[in-house]
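Letters A, B and C name the chains as they come in the text, with residue numbers starting at 1 for each one.
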(Lines give C-alpha, C1' and ligand atoms only; values in the text may rest on other atoms or scores of the structure.)
Protein backbone atom coordinates (compact mmCIF):
# COMPACT_ATOMS: atom_id res chain seq x y z
CA UNK A 1 0.00 0.00 0.00
CA UNK A 2 2.77 2.39 0.98
CA UNK A 3 4.48 1.52 -2.28
CA UNK A 4 1.29 2.17 -4.23
CA UNK A 5 0.82 5.58 -2.58
CA UNK A 6 4.40 6.51 -3.40
CA UNK A 7 3.94 5.55 -7.04
CA UNK A 8 0.68 7.52 -7.22
CA UNK A 9 2.47 10.42 -5.52
CA UNK A 10 5.16 10.48 -8.20
CA UNK A 11 2.42 10.13 -10.81
CA UNK A 12 0.63 13.14 -9.32
CA UNK A 13 3.88 15.09 -9.30
CA UNK A 14 4.43 14.31 -12.98
CA UNK A 15 0.85 15.28 -13.86
CA UNK A 16 1.01 18.59 -12.00
CA UNK A 17 4.39 19.26 -13.62
CA UNK A 18 2.79 18.76 -17.04
CA UNK A 19 -0.07 21.07 -16.11
CA UNK A 20 2.45 23.74 -15.02
CA UNK A 21 4.43 23.26 -18.22
CA UNK A 22 1.34 23.72 -20.37
CA UNK A 23 0.43 26.92 -18.49
CA UNK A 24 3.96 28.20 -19.09
CA UNK A 25 3.73 27.29 -22.75
CA UNK A 26 0.55 29.33 -23.17
CA UNK A 27 2.47 32.37 -21.87
CA UNK A 28 5.28 31.89 -24.39
CA UNK A 29 7.75 31.11 -21.63
CA UNK A 30 11.06 29.51 -22.52
CA UNK A 31 12.43 26.20 -21.27
CA UNK A 32 13.54 27.64 -17.92
CA UNK A 33 10.14 29.22 -17.30
CA UNK A 34 8.52 25.91 -18.14
CA UNK A 35 10.68 24.05 -15.62
CA UNK A 36 10.02 26.67 -12.90
CA UNK A 37 6.27 26.61 -13.40
CA UNK A 38 6.32 22.81 -13.49
CA UNK A 39 8.26 22.78 -10.21
CA UNK A 40 6.05 25.18 -8.27
CA UNK A 41 2.90 23.48 -9.52
CA UNK A 42 4.08 20.01 -8.61
CA UNK A 43 6.00 20.71 -5.39
CA UNK A 44 4.58 24.07 -4.20
CA UNK A 45 1.66 22.72 -2.18
CA UNK A 46 3.76 20.23 -0.24
CA UNK A 47 6.51 22.81 0.32
CA UNK A 48 4.11 25.34 1.82
CA UNK A 49 2.66 22.56 4.01
CA UNK A 50 6.12 21.56 5.26
CA UNK A 51 6.94 25.21 6.05
CA UNK A 52 3.68 25.87 7.91
CA UNK A 53 4.03 22.69 9.98
CA UNK A 54 7.79 23.29 10.40
CA UNK A 55 8.63 19.75 9.30
CA UNK A 56 12.27 20.50 8.51
CA UNK A 57 13.62 20.80 4.96
CA UNK A 58 10.95 20.53 2.26
CA UNK A 59 10.11 16.93 1.39
CA UNK A 60 11.85 17.06 -2.01
CA UNK A 61 15.17 18.17 -0.49
CA UNK A 62 15.82 14.81 1.12
CA UNK A 63 14.36 12.78 -1.75
CA UNK A 64 15.48 14.27 -5.08
CA UNK A 65 13.35 11.77 -7.01
CA UNK A 66 10.51 14.28 -6.90
CA UNK A 67 12.55 17.03 -8.52
CA UNK A 68 13.94 14.65 -11.12
CA UNK A 69 10.42 13.56 -12.08
CA UNK A 70 9.40 17.22 -12.39
CA UNK A 71 12.32 18.16 -14.61
CA UNK A 72 11.83 15.14 -16.89
CA UNK A 73 8.08 15.78 -17.15
CA UNK A 74 8.66 19.49 -17.90
CA UNK A 75 11.30 18.91 -20.57
CA UNK A 76 9.25 16.13 -22.15
CA UNK A 77 6.19 18.38 -22.27
CA UNK A 78 8.25 21.23 -23.72
CA UNK A 79 9.56 19.03 -26.50
CA UNK A 80 6.51 16.90 -27.22
CA UNK A 81 3.71 19.44 -26.94
CA UNK A 82 3.78 20.25 -30.66
CA UNK A 83 4.12 16.63 -31.73
CA UNK A 84 1.75 14.64 -29.57
CA UNK A 85 -1.87 15.67 -29.56
CA UNK A 86 -2.75 15.18 -25.91
CA UNK A 87 -6.38 14.47 -25.36
CA UNK A 88 -7.66 17.20 -22.99
CA UNK A 89 -9.73 14.70 -21.02
CA UNK A 90 -6.68 12.53 -20.32
CA UNK A 91 -5.03 15.42 -18.52
CA UNK A 92 -8.14 16.29 -16.56
CA UNK A 93 -8.57 12.72 -15.34
CA UNK A 94 -4.89 12.45 -14.46
CA UNK A 95 -5.12 15.77 -12.61
CA UNK A 96 -7.99 14.37 -10.54
CA UNK A 97 -5.76 11.42 -9.59
CA UNK A 98 -3.03 13.83 -8.51
CA UNK A 99 -5.42 15.93 -6.49
CA UNK A 100 -6.79 12.88 -4.68
CA UNK A 101 -3.33 11.52 -3.86
CA UNK A 102 -1.89 14.86 -2.76
CA UNK A 103 -4.87 15.37 -0.46
CA UNK A 104 -4.28 12.03 1.25
CA UNK A 105 -0.53 12.58 1.60
CA UNK A 106 -0.97 16.10 3.00
CA UNK A 107 -3.57 15.01 5.52
CA UNK A 108 -1.47 12.07 6.67
CA UNK A 109 1.72 14.16 7.00
CA UNK A 110 -0.16 16.58 9.24
CA UNK A 111 -1.58 13.66 11.25
CA UNK A 112 1.95 12.39 11.84
CA UNK A 113 2.95 15.90 12.96
CA UNK A 114 0.40 15.53 15.73
CA UNK A 115 -1.77 18.56 15.04
CA UNK A 116 -5.52 18.88 15.47
CA UNK A 117 -7.94 17.30 12.99
CA UNK A 118 -9.01 20.68 11.72
CA UNK A 119 -5.43 21.56 10.79
CA UNK A 120 -4.94 18.10 9.22
CA UNK A 121 -7.81 18.74 6.83
CA UNK A 122 -6.53 22.24 6.03
CA UNK A 123 -3.08 20.80 5.28
CA UNK A 124 -4.60 18.15 3.02
CA UNK A 125 -6.35 20.81 0.96
CA UNK A 126 -3.24 23.04 1.02
CA UNK A 127 -1.13 20.21 -0.39
CA UNK A 128 -3.71 19.54 -3.08
CA UNK A 129 -4.44 23.05 -4.31
CA UNK A 130 -1.62 25.49 -3.39
CA UNK A 131 0.69 24.43 -6.19
CA UNK A 132 -1.93 25.29 -8.78
CA UNK A 133 -2.52 28.65 -7.11
CA UNK A 134 1.16 29.64 -7.29
CA UNK A 135 1.27 28.44 -10.92
CA UNK A 136 -1.58 30.77 -11.86
CA UNK A 137 -0.03 33.73 -10.03
CA UNK A 138 3.31 33.23 -11.78
CA UNK A 139 1.49 32.97 -15.10
CA UNK A 140 -0.22 36.30 -14.40
CA UNK A 141 -3.70 34.91 -13.86
CA UNK A 142 -6.13 35.05 -10.98
CA UNK A 143 -5.95 31.51 -9.55
CA UNK A 144 -8.65 29.48 -11.29
CA UNK A 145 -9.32 27.31 -8.27
CA UNK A 146 -10.45 30.41 -6.38
CA UNK A 147 -13.18 30.70 -8.98
CA UNK A 148 -14.09 27.03 -9.40
CA UNK A 149 -15.40 25.82 -6.07
CA UNK A 150 -15.64 22.15 -6.71
CA UNK A 151 -11.93 21.61 -7.31
CA UNK A 152 -10.97 22.45 -3.75
CA UNK A 153 -14.23 21.14 -2.39
CA UNK A 154 -13.40 17.69 -3.75
CA UNK A 155 -10.07 17.88 -1.95
CA UNK A 156 -11.80 19.09 1.22
CA UNK A 157 -14.23 16.17 1.26
CA UNK A 158 -11.44 13.69 0.62
CA UNK A 159 -9.37 15.14 3.46
CA UNK A 160 -12.25 15.03 5.93
CA UNK A 161 -13.12 11.44 5.04
CA UNK A 162 -9.49 10.33 5.26
CA UNK A 163 -9.06 12.00 8.64
CA UNK A 164 -12.25 10.51 10.07
CA UNK A 165 -11.62 6.96 8.93
CA UNK A 166 -7.90 6.88 9.70
CA UNK A 167 -7.72 8.92 12.87
CA UNK A 168 -11.02 8.03 14.50
CA UNK A 169 -11.44 4.44 13.32
CA UNK A 170 -7.74 3.66 12.92
CA UNK A 171 -8.20 2.03 9.52
CA UNK A 172 -5.51 3.27 7.14
CA UNK A 173 -6.08 1.30 3.98
CA UNK A 174 -9.86 1.85 3.83
CA UNK A 175 -9.17 5.52 4.58
CA UNK A 176 -6.86 5.79 1.60
CA UNK A 177 -9.20 3.97 -0.77
CA UNK A 178 -12.41 5.72 0.24
CA UNK A 179 -10.79 9.17 0.38
CA UNK A 180 -9.25 8.64 -3.04
CA UNK A 181 -12.58 7.53 -4.50
CA UNK A 182 -14.43 10.52 -3.06
CA UNK A 183 -12.00 13.20 -4.23
CA UNK A 184 -11.61 11.58 -7.62
CA UNK A 185 -15.31 11.03 -8.30
CA UNK A 186 -16.38 14.43 -6.96
CA UNK A 187 -13.82 16.10 -9.17
CA UNK A 188 -14.87 14.22 -12.29
CA UNK A 189 -18.53 14.84 -11.51
CA UNK A 190 -17.70 18.51 -11.08
CA UNK A 191 -16.15 18.72 -14.51
CA UNK A 192 -19.31 17.43 -16.10
CA UNK A 193 -21.33 19.82 -13.95
CA UNK A 194 -19.05 22.70 -14.93
CA UNK A 195 -19.62 22.02 -18.59
CA UNK A 196 -23.36 21.94 -18.32
CA UNK A 197 -23.90 24.76 -15.86
CA UNK A 198 -22.91 28.27 -16.98
CA UNK A 199 -21.64 30.74 -14.40
CA UNK A 200 -23.81 33.62 -13.36
CA UNK A 201 -21.62 36.38 -14.81
CA UNK A 202 -19.03 34.80 -17.10
CA UNK A 203 -17.97 38.01 -18.82
CA UNK A 204 -17.16 39.76 -15.57
CA UNK A 205 -14.98 36.94 -14.29
CA UNK A 206 -11.72 37.72 -16.03
CA UNK A 207 -12.00 41.47 -15.43
CA UNK B 1 -4.01 43.06 29.49
CA UNK B 2 -2.91 39.80 27.86
CA UNK B 3 -6.54 38.82 27.64
CA UNK B 4 -7.45 42.14 26.04
CA UNK B 5 -4.68 41.80 23.44
CA UNK B 6 -5.85 38.30 22.59
CA UNK B 7 -9.41 39.51 22.14
CA UNK B 8 -8.22 42.39 19.94
CA UNK B 9 -6.05 39.92 18.02
CA UNK B 10 -9.05 37.73 17.22
CA UNK B 11 -10.99 40.88 16.36
CA UNK B 12 -8.21 41.90 13.96
CA UNK B 13 -8.21 38.43 12.43
CA UNK B 14 -11.97 38.63 11.86
CA UNK B 15 -11.68 42.10 10.33
CA UNK B 16 -8.90 41.12 7.94
CA UNK B 17 -10.86 37.99 7.05
CA UNK B 18 -13.83 40.19 6.12
CA UNK B 19 -11.58 42.46 4.06
CA UNK B 20 -10.20 39.42 2.22
CA UNK B 21 -13.72 38.09 1.65
CA UNK B 22 -14.88 41.38 0.16
CA UNK B 23 -11.87 41.46 -2.19
CA UNK B 24 -12.74 37.92 -3.29
CA UNK B 25 -16.36 38.90 -3.79
CA UNK B 26 -15.37 41.73 -6.13
CA UNK B 27 -13.54 39.19 -8.31
CA UNK B 28 -16.60 36.90 -8.56
CA UNK B 29 -14.86 34.17 -6.59
CA UNK B 30 -16.91 31.37 -5.13
CA UNK B 31 -17.19 30.33 -1.50
CA UNK B 32 -13.88 28.49 -1.51
CA UNK B 33 -12.04 31.45 -3.04
CA UNK B 34 -13.61 33.68 -0.41
CA UNK B 35 -12.38 31.45 2.42
CA UNK B 36 -8.86 31.24 0.93
CA UNK B 37 -8.54 34.99 0.48
CA UNK B 38 -9.93 35.54 3.96
CA UNK B 39 -7.36 33.11 5.36
CA UNK B 40 -4.29 34.57 3.66
CA UNK B 41 -5.34 38.11 4.49
CA UNK B 42 -5.95 37.36 8.15
CA UNK B 43 -3.16 34.85 8.85
CA UNK B 44 -0.63 35.51 6.05
CA UNK B 45 1.37 38.23 7.79
CA UNK B 46 1.85 36.25 10.99
CA UNK B 47 2.66 33.09 9.05
CA UNK B 48 5.41 34.78 7.03
CA UNK B 49 6.78 36.24 10.27
CA UNK B 50 6.86 32.83 11.97
CA UNK B 51 8.64 31.35 8.94
CA UNK B 52 11.27 34.11 8.74
CA UNK B 53 12.00 33.93 12.47
CA UNK B 54 11.79 30.11 12.38
CA UNK B 55 9.41 30.02 15.33
CA UNK B 56 8.18 26.47 14.67
CA UNK B 57 4.74 25.71 13.20
CA UNK B 58 2.74 28.79 12.23
CA UNK B 59 0.89 30.32 15.18
CA UNK B 60 -2.54 29.16 13.97
CA UNK B 61 -1.48 25.50 13.78
CA UNK B 62 -1.27 25.13 17.54
CA UNK B 63 -4.29 27.34 18.24
CA UNK B 64 -7.07 26.57 15.75
CA UNK B 65 -9.25 29.34 17.16
CA UNK B 66 -7.68 31.71 14.64
CA UNK B 67 -8.67 29.57 11.68
CA UNK B 68 -12.16 29.01 13.06
CA UNK B 69 -12.65 32.76 13.41
CA UNK B 70 -11.48 33.23 9.81
CA UNK B 71 -13.81 30.61 8.38
CA UNK B 72 -16.83 31.93 10.30
CA UNK B 73 -16.06 35.52 9.28
CA UNK B 74 -15.59 34.51 5.64
CA UNK B 75 -18.78 32.47 5.43
CA UNK B 76 -20.77 35.15 7.23
CA UNK B 77 -19.46 37.80 4.84
CA UNK B 78 -20.25 35.58 1.87
CA UNK B 79 -23.82 35.12 3.00
CA UNK B 80 -24.58 38.53 4.44
CA UNK B 81 -22.85 40.81 1.94
CA UNK B 82 -26.00 41.20 -0.16
CA UNK B 83 -28.30 41.62 2.82
CA UNK B 84 -26.48 43.90 5.24
CA UNK B 85 -25.35 47.26 3.96
CA UNK B 86 -22.00 47.59 5.68
CA UNK B 87 -20.97 51.18 6.23
CA UNK B 88 -17.59 51.56 4.46
CA UNK B 89 -16.22 53.66 7.32
CA UNK B 90 -16.96 50.93 9.84
CA UNK B 91 -14.68 48.55 7.96
CA UNK B 92 -11.93 51.13 7.62
CA UNK B 93 -11.94 51.91 11.33
CA UNK B 94 -12.01 48.22 12.22
CA UNK B 95 -9.14 47.63 9.81
CA UNK B 96 -7.11 50.29 11.61
CA UNK B 97 -7.72 48.44 14.88
CA UNK B 98 -6.48 45.23 13.30
CA UNK B 99 -3.40 46.90 11.86
CA UNK B 100 -2.51 48.42 15.25
CA UNK B 101 -2.96 45.12 17.11
CA UNK B 102 -1.10 43.01 14.53
CA UNK B 103 1.80 45.45 14.64
CA UNK B 104 2.10 45.13 18.42
CA UNK B 105 1.83 41.33 18.36
CA UNK B 106 4.40 40.98 15.58
CA UNK B 107 6.89 43.26 17.28
CA UNK B 108 6.49 41.48 20.61
CA UNK B 109 6.83 38.01 19.08
CA UNK B 110 10.11 39.10 17.49
CA UNK B 111 11.26 40.60 20.80
CA UNK B 112 10.61 37.27 22.50
CA UNK B 113 12.64 35.55 19.76
CA UNK B 114 15.58 37.64 20.88
CA UNK B 115 16.43 39.41 17.62
CA UNK B 116 17.72 42.95 17.16
CA UNK B 117 15.43 45.95 17.52
CA UNK B 118 15.63 46.68 13.83
CA UNK B 119 14.33 43.20 12.99
CA UNK B 120 11.62 43.51 15.66
CA UNK B 121 10.25 46.60 13.94
CA UNK B 122 10.44 44.93 10.52
CA UNK B 123 8.54 41.92 11.88
CA UNK B 124 5.88 44.19 13.38
CA UNK B 125 5.28 45.81 10.01
CA UNK B 126 5.44 42.43 8.24
CA UNK B 127 2.74 41.04 10.52
CA UNK B 128 0.60 44.11 9.92
CA UNK B 129 0.82 44.47 6.17
CA UNK B 130 1.90 41.20 4.49
CA UNK B 131 -1.53 39.56 4.65
CA UNK B 132 -3.04 42.41 2.67
CA UNK B 133 -0.24 42.20 0.13
CA UNK B 134 -0.83 38.48 -0.54
CA UNK B 135 -4.59 39.16 -0.75
CA UNK B 136 -4.06 41.72 -3.51
CA UNK B 137 -1.69 39.45 -5.45
CA UNK B 138 -4.18 36.56 -5.33
CA UNK B 139 -6.92 38.92 -6.47
CA UNK B 140 -4.79 39.96 -9.44
CA UNK B 141 -4.05 43.49 -8.25
CA UNK B 142 -0.84 45.35 -7.54
CA UNK B 143 -0.77 45.48 -3.72
CA UNK B 144 -2.50 48.70 -2.71
CA UNK B 145 -0.33 49.22 0.35
CA UNK B 146 2.69 49.53 -1.92
CA UNK B 147 0.99 52.57 -3.39
CA UNK B 148 -0.48 54.09 -0.23
CA UNK B 149 2.44 55.02 1.96
CA UNK B 150 0.66 55.91 5.15
CA UNK B 151 -0.84 52.48 5.73
CA UNK B 152 2.50 50.82 6.34
CA UNK B 153 3.98 53.99 7.79
CA UNK B 154 1.37 53.95 10.55
CA UNK B 155 2.39 50.38 11.33
CA UNK B 156 6.07 51.35 11.21
CA UNK B 157 5.61 54.18 13.72
CA UNK B 158 3.59 51.95 16.04
CA UNK B 159 6.25 49.23 15.90
CA UNK B 160 9.09 51.66 16.67
CA UNK B 161 7.23 53.21 19.58
CA UNK B 162 6.30 49.80 21.01
CA UNK B 163 9.87 48.59 20.74
CA UNK B 164 11.35 51.69 22.38
CA UNK B 165 8.94 51.82 25.30
CA UNK B 166 8.85 48.08 25.96
CA UNK B 167 12.41 47.06 25.25
CA UNK B 168 14.30 50.16 26.41
CA UNK B 169 12.07 51.32 29.25
CA UNK B 170 10.67 47.90 30.15
CA UNK B 171 7.09 49.13 30.37
CA UNK B 172 4.80 46.72 28.57
CA UNK B 173 1.33 48.10 29.19
CA UNK B 174 2.16 51.70 28.32
CA UNK B 175 3.97 50.38 25.25
CA UNK B 176 0.84 48.56 24.10
CA UNK B 177 -1.47 51.50 24.72
CA UNK B 178 0.73 54.20 23.17
CA UNK B 179 1.70 52.06 20.18
CA UNK B 180 -1.93 51.20 19.55
CA UNK B 181 -2.96 54.85 19.74
CA UNK B 182 -0.22 55.95 17.36
CA UNK B 183 -0.88 53.35 14.65
CA UNK B 184 -4.64 53.78 14.93
CA UNK B 185 -4.66 57.59 14.87
CA UNK B 186 -2.04 57.88 12.12
CA UNK B 187 -4.04 55.48 10.00
CA UNK B 188 -7.31 57.32 10.50
CA UNK B 189 -5.62 60.66 9.89
CA UNK B 190 -4.13 59.19 6.73
CA UNK B 191 -7.54 58.21 5.42
CA UNK B 192 -8.77 61.76 5.74
CA UNK B 193 -5.55 62.99 4.14
CA UNK B 194 -5.92 60.50 1.31
CA UNK B 195 -9.38 61.76 0.52
CA UNK B 196 -8.36 65.38 0.36
CA UNK B 197 -5.02 65.02 -1.40
CA UNK B 198 -5.02 63.70 -4.96
CA UNK B 199 -2.09 61.66 -6.19
CA UNK B 200 0.36 63.13 -8.66
CA UNK B 201 -0.51 60.84 -11.55
CA UNK B 202 -3.68 58.93 -10.75
CA UNK B 203 -4.39 57.70 -14.24
CA UNK B 204 -1.00 56.10 -14.64
CA UNK B 205 -1.28 54.18 -11.40
CA UNK B 206 -3.25 51.13 -12.50
CA UNK B 207 -1.38 50.73 -15.78
CA UNK C 1 38.52 35.42 0.05
CA UNK C 2 35.67 35.07 2.55
CA UNK C 3 35.88 38.81 3.10
CA UNK C 4 35.74 39.45 -0.64
CA UNK C 5 32.68 37.23 -1.05
CA UNK C 6 30.94 39.05 1.79
CA UNK C 7 31.68 42.43 0.19
CA UNK C 8 30.41 41.16 -3.18
CA UNK C 9 27.36 39.76 -1.41
CA UNK C 10 26.51 43.15 0.07
CA UNK C 11 27.21 44.69 -3.33
CA UNK C 12 24.79 42.22 -4.94
CA UNK C 13 22.19 43.01 -2.27
CA UNK C 14 22.53 46.73 -2.98
CA UNK C 15 22.26 46.16 -6.74
CA UNK C 16 19.16 43.99 -6.47
CA UNK C 17 17.67 46.54 -4.06
CA UNK C 18 18.20 49.25 -6.69
CA UNK C 19 16.62 47.04 -9.36
CA UNK C 20 13.61 46.48 -7.10
CA UNK C 21 13.37 50.20 -6.38
CA UNK C 22 13.38 51.06 -10.07
CA UNK C 23 10.62 48.51 -10.75
CA UNK C 24 8.59 50.09 -7.94
CA UNK C 25 9.22 53.55 -9.33
CA UNK C 26 7.85 52.54 -12.73
CA UNK C 27 4.62 51.50 -11.04
CA UNK C 28 4.23 54.86 -9.27
CA UNK C 29 4.74 53.27 -5.89
CA UNK C 30 5.52 55.49 -2.92
CA UNK C 31 8.56 55.31 -0.65
CA UNK C 32 7.22 52.36 1.33
CA UNK C 33 6.45 50.37 -1.79
CA UNK C 34 9.94 51.11 -3.04
CA UNK C 35 11.51 49.79 0.17
CA UNK C 36 9.33 46.65 0.13
CA UNK C 37 10.14 45.83 -3.50
CA UNK C 38 13.82 46.52 -2.85
CA UNK C 39 13.72 44.16 0.14
CA UNK C 40 12.01 41.23 -1.57
CA UNK C 41 14.21 41.56 -4.64
CA UNK C 42 17.43 41.67 -2.64
CA UNK C 43 16.62 39.22 0.17
CA UNK C 44 13.75 37.14 -1.25
CA UNK C 45 15.84 34.47 -2.97
CA UNK C 46 17.99 33.78 0.08
CA UNK C 47 14.96 33.80 2.37
CA UNK C 48 13.12 31.19 0.31
CA UNK C 49 16.31 29.10 0.24
CA UNK C 50 16.66 29.27 4.03
CA UNK C 51 13.01 28.26 4.45
CA UNK C 52 13.21 25.31 2.05
CA UNK C 53 16.42 24.01 3.65
CA UNK C 54 15.06 24.81 7.13
CA UNK C 55 18.25 26.66 8.09
CA UNK C 56 16.68 28.52 11.01
CA UNK C 57 15.83 32.23 10.92
CA UNK C 58 16.40 33.88 7.52
CA UNK C 59 20.02 34.95 7.04
CA UNK C 60 19.24 38.67 7.38
CA UNK C 61 17.57 38.23 10.78
CA UNK C 62 20.85 37.47 12.53
CA UNK C 63 22.90 39.95 10.48
CA UNK C 64 20.92 43.18 10.03
CA UNK C 65 23.64 44.63 7.81
CA UNK C 66 21.81 43.18 4.82
CA UNK C 67 18.56 44.93 5.62
CA UNK C 68 20.37 48.21 6.36
CA UNK C 69 22.09 48.05 2.97
CA UNK C 70 18.70 47.42 1.31
CA UNK C 71 16.98 50.34 3.02
CA UNK C 72 19.82 52.76 2.25
CA UNK C 73 19.97 51.62 -1.39
CA UNK C 74 16.19 51.93 -1.75
CA UNK C 75 15.95 55.39 -0.22
CA UNK C 76 18.95 56.60 -2.20
CA UNK C 77 17.40 55.31 -5.42
CA UNK C 78 14.07 56.90 -4.53
CA UNK C 79 15.71 60.29 -3.99
CA UNK C 80 18.36 60.24 -6.69
CA UNK C 81 16.47 58.64 -9.56
CA UNK C 82 15.35 61.98 -10.97
CA UNK C 83 18.72 63.66 -10.46
CA UNK C 84 21.33 61.14 -11.51
CA UNK C 85 21.08 59.75 -15.00
CA UNK C 86 22.05 56.13 -14.38
CA UNK C 87 23.57 54.50 -17.41
CA UNK C 88 21.38 51.45 -18.15
CA UNK C 89 24.41 49.31 -18.91
CA UNK C 90 25.93 50.04 -15.52
CA UNK C 91 22.92 48.48 -13.83
CA UNK C 92 22.90 45.46 -16.11
CA UNK C 93 26.58 44.73 -15.47
CA UNK C 94 26.15 45.22 -11.74
CA UNK C 95 23.13 42.92 -11.83
CA UNK C 96 25.26 40.22 -13.48
CA UNK C 97 27.75 40.58 -10.59
CA UNK C 98 24.93 40.14 -8.10
CA UNK C 99 23.54 37.10 -9.91
CA UNK C 100 26.98 35.44 -10.00
CA UNK C 101 27.65 36.09 -6.29
CA UNK C 102 24.17 35.02 -5.13
CA UNK C 103 24.49 31.80 -7.11
CA UNK C 104 27.79 30.93 -5.38
CA UNK C 105 26.48 31.80 -1.92
CA UNK C 106 23.28 29.81 -2.40
CA UNK C 107 25.10 26.75 -3.68
CA UNK C 108 27.61 26.86 -0.84
CA UNK C 109 24.95 27.32 1.84
CA UNK C 110 23.19 24.23 0.54
CA UNK C 111 26.48 22.32 0.45
CA UNK C 112 27.02 23.19 4.12
CA UNK C 113 23.51 21.94 4.86
CA UNK C 114 24.64 18.55 3.59
CA UNK C 115 22.08 17.99 0.86
CA UNK C 116 22.59 16.25 -2.50
CA UNK C 117 24.43 17.97 -5.33
CA UNK C 118 21.26 18.28 -7.35
CA UNK C 119 19.57 20.22 -4.55
CA UNK C 120 22.70 22.38 -4.10
CA UNK C 121 22.47 23.52 -7.70
CA UNK C 122 18.72 24.14 -7.40
CA UNK C 123 19.32 26.23 -4.27
CA UNK C 124 22.03 28.24 -6.05
CA UNK C 125 19.64 29.12 -8.85
CA UNK C 126 16.82 29.78 -6.35
CA UNK C 127 19.01 32.24 -4.45
CA UNK C 128 19.97 33.97 -7.69
CA UNK C 129 16.61 34.31 -9.38
CA UNK C 130 13.73 34.03 -6.88
CA UNK C 131 14.02 37.59 -5.60
CA UNK C 132 13.52 38.96 -9.09
CA UNK C 133 10.53 36.69 -9.59
CA UNK C 134 8.77 37.96 -6.45
CA UNK C 135 9.60 41.53 -7.47
CA UNK C 136 7.85 41.08 -10.81
CA UNK C 137 4.80 39.46 -9.23
CA UNK C 138 4.44 42.30 -6.71
CA UNK C 139 4.79 44.80 -9.53
CA UNK C 140 1.96 43.05 -11.39
CA UNK C 141 4.10 41.57 -14.18
CA UNK C 142 4.71 38.03 -15.35
CA UNK C 143 8.24 37.34 -14.08
CA UNK C 144 10.65 38.36 -16.85
CA UNK C 145 13.16 35.65 -16.01
CA UNK C 146 10.54 33.04 -16.89
CA UNK C 147 10.61 34.47 -20.37
CA UNK C 148 14.33 35.14 -20.74
CA UNK C 149 16.03 31.79 -20.52
CA UNK C 150 19.63 32.87 -20.38
CA UNK C 151 19.31 34.76 -17.11
CA UNK C 152 18.61 31.66 -15.06
CA UNK C 153 20.69 29.49 -17.34
CA UNK C 154 23.76 31.58 -16.51
CA UNK C 155 23.01 31.01 -12.83
CA UNK C 156 22.48 27.30 -13.46
CA UNK C 157 25.85 26.89 -15.20
CA UNK C 158 27.62 28.82 -12.45
CA UNK C 159 26.01 26.68 -9.77
CA UNK C 160 26.94 23.41 -11.49
CA UNK C 161 30.54 24.51 -12.00
CA UNK C 162 30.87 25.70 -8.41
CA UNK C 163 29.46 22.45 -7.08
CA UNK C 164 31.69 20.27 -9.23
CA UNK C 165 34.93 22.10 -8.47
CA UNK C 166 34.28 22.66 -4.78
CA UNK C 167 32.53 19.46 -3.81
CA UNK C 168 34.24 16.96 -6.06
CA UNK C 169 37.72 18.47 -6.29
CA UNK C 170 37.67 20.23 -2.92
CA UNK C 171 39.05 23.48 -4.29
CA UNK C 172 37.07 26.40 -2.90
CA UNK C 173 38.84 29.46 -4.26
CA UNK C 174 39.09 28.22 -7.84
CA UNK C 175 35.45 27.18 -7.59
CA UNK C 176 34.43 30.70 -6.59
CA UNK C 177 36.51 32.39 -9.28
CA UNK C 178 35.55 30.08 -12.16
CA UNK C 179 31.87 29.96 -11.20
CA UNK C 180 31.76 33.75 -10.93
CA UNK C 181 33.40 34.15 -14.33
CA UNK C 182 31.03 31.70 -16.00
CA UNK C 183 27.79 33.19 -14.66
CA UNK C 184 28.98 36.74 -15.26
CA UNK C 185 30.24 36.18 -18.81
CA UNK C 186 27.27 34.05 -19.86
CA UNK C 187 24.92 36.72 -18.59
CA UNK C 188 26.69 39.54 -20.40
CA UNK C 189 26.93 37.46 -23.55
CA UNK C 190 23.21 36.74 -23.25
CA UNK C 191 22.38 40.42 -23.12
CA UNK C 192 24.14 40.99 -26.42
CA UNK C 193 22.43 37.90 -27.82
CA UNK C 194 19.05 39.12 -26.59
CA UNK C 195 19.48 42.38 -28.41
CA UNK C 196 20.39 40.77 -31.69
CA UNK C 197 17.97 37.86 -31.69
CA UNK C 198 14.26 38.66 -31.78
CA UNK C 199 11.82 36.36 -30.08
CA UNK C 200 9.59 34.14 -32.14
CA UNK C 201 6.32 35.80 -31.19
CA UNK C 202 7.10 39.08 -29.41
CA UNK C 203 3.63 40.58 -29.62
CA UNK C 204 1.98 37.58 -28.00
CA UNK C 205 4.35 37.59 -25.06
CA UNK C 206 2.61 40.09 -22.79
CA UNK C 207 -0.81 38.71 -23.54
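Assume a contact is a pair of C-beta atoms (placed from the backbone, for glycine too) under 8 Å apart; a residue touches a chain by one contact, two chains touch by 3 or more.
Just so it is clear, the model here is predicted, and its values are computed rather than measured.
Contacts between chains leave no pair untouched here, as each chain touches all the others. Counting the residue numbers used at the interface between chain A and chain C, under half appear in both copies, so the two copies meet with largely different residues. Taking only C-alpha atoms, you rotate chain B by 120 degrees to land it on chain C; that is to the nearest 5. The geometric centre of chain A is 30 Å away from that of chain C, both derived from CA atoms. In chain A, the positions touching at least two other chains are 51, 54, 137. Residues 51-54, 113, 115-116, 118-119, 122, 133, 137, 141-143, 145-149, 151-153, 156, 199-201, 204-205, 207 of chain C are the ones that touch chain A when the two sit in their complex.
Interface of chain A with chain C (complex): residues 24, 27-33, 36-37, 47, 51, 54, 56-58, 61-62, 64, 67-68, 137-140.
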